[in-house]
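One chain, subunit A, appears in both complexes that follow, with subunit B as partner in the first and subunit C in the second.
== the complex of A and B ==
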């Protein structure tokens, strides 16, 4: 037995130098924790997705191969949720990119009170997500909401408007609340990229007679591509997986108006307690998110 | 040597600490302490102090230890299911009638029929309470609390509009609402809270039953899509109230029960559907602007039909694991009796609950209690409550697939109310979902 350990010790010493062994030793505790709290649950949920596991039917849990995936992909409601998720994501990411760009341009200039404005702009980002959801719930409320009060006082409406209860307005309104929270971080990321553009480029362009718009189109925008890519990938992933606002503001309603993918996963898993189909849905969502991130990197990355 | 001993002791101490920490965090210590003769009692976090004091009284009078734990109502079902699945020690628990079929079919809770000390209370309980605790011919507990959906009105609003008597039919509700609206008293005279939350099914069932309809037939098949005997007429009435007569706010689909209650308390509406126990805060001057003006009338009927409403109840149940151990089951049955039956000869807990938080009771003798009568009559009409409670029907959708079906049903109702589909199509969709789930579960 001691021969085995000596052999193992010798093999390890030969394959890994002292630094590699030390690094492995230091990383081992955190890797063990990650294996227990992250890797195992992820793999276990993959395993679960092949069973018809419904918590309320504990005595009947058959292995069903890919039936859960087939069931999910052939469900009409699932595809409707996908379309709503796409619509929410496109709306949100486009708005975030545009607003973040304008804010970054503003903060890139030198003017009196710039630091104060920078701090103010960061406030929405610093507000906890649940507080943000409750804040917008009060703003949008049809009976006592601040939005109706403001519009009425400004004379823009003559009676209170139904906001979240109108299925045509639900997704844009939730997207608005999401954008409000996400724009500050996006603006900072774009600003950081903007600060890294060499000033020489602008000076040379001025010498060549380029006006403000030309300098923006030919220098600023192309140089911001890494920042845009980062923001686009991050915000797309955030929007696709977003759950909090849908839970707090509408619970998927009215009717199915805000029934997005993340909401469907929640309902399937935690309300219907169908862990098999819930896990299958989660894996589909994860694959779609990875595929999108990969597509964005391929699309924008080669132009950088 | 001393140094060696000290080092060893320190190491041992650290080892023991780590082991104790691990045990504590995994709940094993609690489990170990709560095992044996102790009765493990799980409830949602309502009237916590009251429950604690009643438990203490039980421990003192009967001499059996109780380990009481609670969880918020919002995640109680998930919490207790996880405990059942994980075989956590659990003897007595509060159960909603809506969960009975799935809990019983899963083999998590046990019938109490063999306990004569519990079954003797059936004669004094409301019939629909006994029905609601019965599944496949077996009874699963004793009542904890019961209530029904009530039709309430603001007496002053009706007087101002020149209306002498509250409505008796849904047609009269429409007429009176239009009168109140045209008099400028309220823009939306009827408050309906139809947001997709746990209360929604009770509002819908009250509307359907009072329209003489049912969601399912006697065999448990979907009947909701029937234009004459189902839920279509009730949904059509709501759709007309929102779009044609404009007497119910289109925001009703985003109005939860609590928000609706606040709006009614603020005097924004003349009529409201509310759980009966809400009459107490509505008529409380500290909480309401219409205090003293809120009255109850029988749920309007549909053209001379019965004034039915929906009733619901919660009960004290026993786990199957406990029932398998006769001695422990008998200890647990004593605790169930202490809470759901008579404690030292009186329905103490149900009376405490009523006088403390206004929660309704399912045992008829309490209606004759002078304290209860005095309390009820301070904010409501006890005879009206008795009459409406007698007309309360057990929900006909309580099945193992109820929760899953309700997701479709709720979105179907809302889709019709916001004008996306017709009431008939909405109920057909809900009915199809019901039949599919019934087939899947059978």
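== the complex of A and C ==
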């Protein structure tokens, strides 16, 4: 055994210099963890997507090539849920960008209490999604919720509304809860970009006689482009994969109003126990996020 | 460069606002915007907090009481001291079913689940450091073949949505014999958090000069000694940030915990809290109190370490 060990050590020492060996040693733990709990599952999921695997009949699992993908892509419900995911994502991301821009503009000024406010906006970011879900479920509650109470006291409605029971309102209401939690991070990222705009630019523009609005449109907005892009891509990734709020607030309902893609994957896999088509859908979703992530990693990784 | 820009920006502050009046408008706009922002951020949480101190009779009032008229601690007593009547079939019938109005017997699960969440999060934090720090150091400071590829590989593992990975994750956990065991969540959360840890630390280590590394190596430090004695002390702010992120992610995670845990042996706080929300017989004020209990630890951490979080979130995100 020890002979084998010294032999191995000798071979390794000859093959790799000290630098490469220590790099290998330092990377080994993280790589082995990720191999077992990330790379293997990702590949296994791809593998499953080529089989007609249903837990309702676990003994017959035929290899079906791309049938699962064909089945999923020709399913109307799939496209309906894609459309719902798209509308949820567009709504959320647009709202996040606008709100985050205003918050960043505010926090970029210096005034008393600025530090207090920038600490407070971290609260939504920090709370668990489950708490976020129950919080908004309680606000939207049809019997005793705050939204009904507030609107009634303001005289905007004359009787309580079943907010989450209205198919037209479900997606915007869930998007609102999502935006509330996501906006702090977006604002922080945009604020950092804003702080990196050189002061000289504004001074030069001022000397040239540009007013506040012109300075905002011609200096601030163009300089914020990298920050905006980053937030947009990241939040799009987060929105299209979002699951927790749909599970906690509506479970895909009422009827199919909040039956988004992530919920569709959940239903297909864990309620219909059809792992093959579930995995195929997952992979379609994964490919879309992958394309987005490629862009984001390129942006972030420029320095690495 | 910096010298020049400060030289110009200092006098500019003085003539930035033309008159007293425009200065006053500016303050007013900032004040109003701040108020709106604070309401937007705090009102939902405040409403949750307020309703967790209301009794069942009060919480069902229409229109709602924005502040509890008769604040009560009964929900928190039930959670922390188990001061509630065991609900049996007989006692439950006495309660008006329309108003809900009872504290579930599973209230006693909240503290153990909180303990599970705590154990899991702390373990994930420690493992993140043990596994992530050497990897980040190697990627930042050691030139080796496949360096760039390994950075991308690690980041890419976080790209696939969790919902897509639940089934294979489940399979791995089952084959390891870890179903309904806290270890299942520790391992999967480690895989979820470590890419971000590595990413933040790599960008931090990269910002430290290579000369530091070389000097230590010339002085005869091994790679490990260089990491521990030279780089770790310098990396403290980033280390705090990654520890916080790992802790918060583990404390807040929901989907995987929903799939892997079955009993209180491994169920985490979010799972127990979520189990209340779908039960219409449970008192609203009790659910809200459970929500408050879940919110408090991460919020305290976030407020206490705000500086580290902001610097961590923005590390490398935007070229400064």
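Quick note on the criterion: the second predicted complex is superposed on the first by the 273 of 304 C-alpha atoms of A that agree within 3 Å, B and C clash if a C-alpha of one lies under 4 Å from a C-alpha of the other, contacts with A are read in each partner's own complex, and residues count from 1 in each chain.
Note that a contact is a pair of C-beta atoms (placed from the backbone, for glycine too) under 8 Å apart; a residue touches a chain by one contact, two chains touch by 3 or more.
Bear in mind that the values here come from a model prediction, so they are computed numbers and not experimental data.
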item	value
Which partner, subunit B or subunit C, touches more subunit A residues	C
First, second, both or neither for A:222, with subunit B first and subunit C second	neither
Touched partner set for A:152, first subunit B, second subunit C, both or neither	second
First, second, both or neither for A:196, with subunit B first and subunit C second	second
First, second, both or neither for A:143, with subunit B first and subunit C second	both
First (subunit B), second (subunit C), both or neither touched by A:62	neither
First, second, both or neither for A:269, with subunit B first and subunit C second	second
Doubly contacted residues of subunit A, that is, touched by subunit B and again by subunit C	141, 143
Residues of subunit A defined as touching subunit B within the complex	55-59, 141-143, 159, 162, 164-167, 250-257, 259, 267, 270-274
Complex contact set, residues of subunit B against subunit A	78, 81-82, 84-85, 102, 105-107, 187, 195-197, 249-255, 259, 263, 268, 400, 403-404, 407, 410-412, 414-415, 417-418, 420
Residue ranges of subunit C in contact with subunit A within the complex	5, 8-9, 12, 26-27, 30, 33-34, 37-38, 40-42, 44-45, 47-48, 51, 59-64, 130-132, 134-135, 137-139, 142-145, 147-148, 150-169, 171-172, 187-188, 190-191, 194-195, 198-199, 202-203, 206, 222-224, 227, 248, 251-252, 254-255, 258, 269-270, 273-274, 276-277, 284, 287-288, 290-291, 294-295, 298-299, 301-303, 306, 309-310, 313-314, 316-320
Touching residues (chain side subunit A, partner subunit C) in the complex	18-20, 22-27, 29-31, 33-34, 36-42, 44-45, 48, 102-103, 106, 109, 111, 113, 117-131, 133-139, 141, 143-146, 149, 152-153, 160, 180, 184-185, 188-189, 192-193, 196, 198-200, 203, 226-227, 230, 237, 240-241, 243-244, 247-248, 262, 265-266, 269, 275, 278-279, 282-283, 285-286, 289-290, 293, 297, 300-304
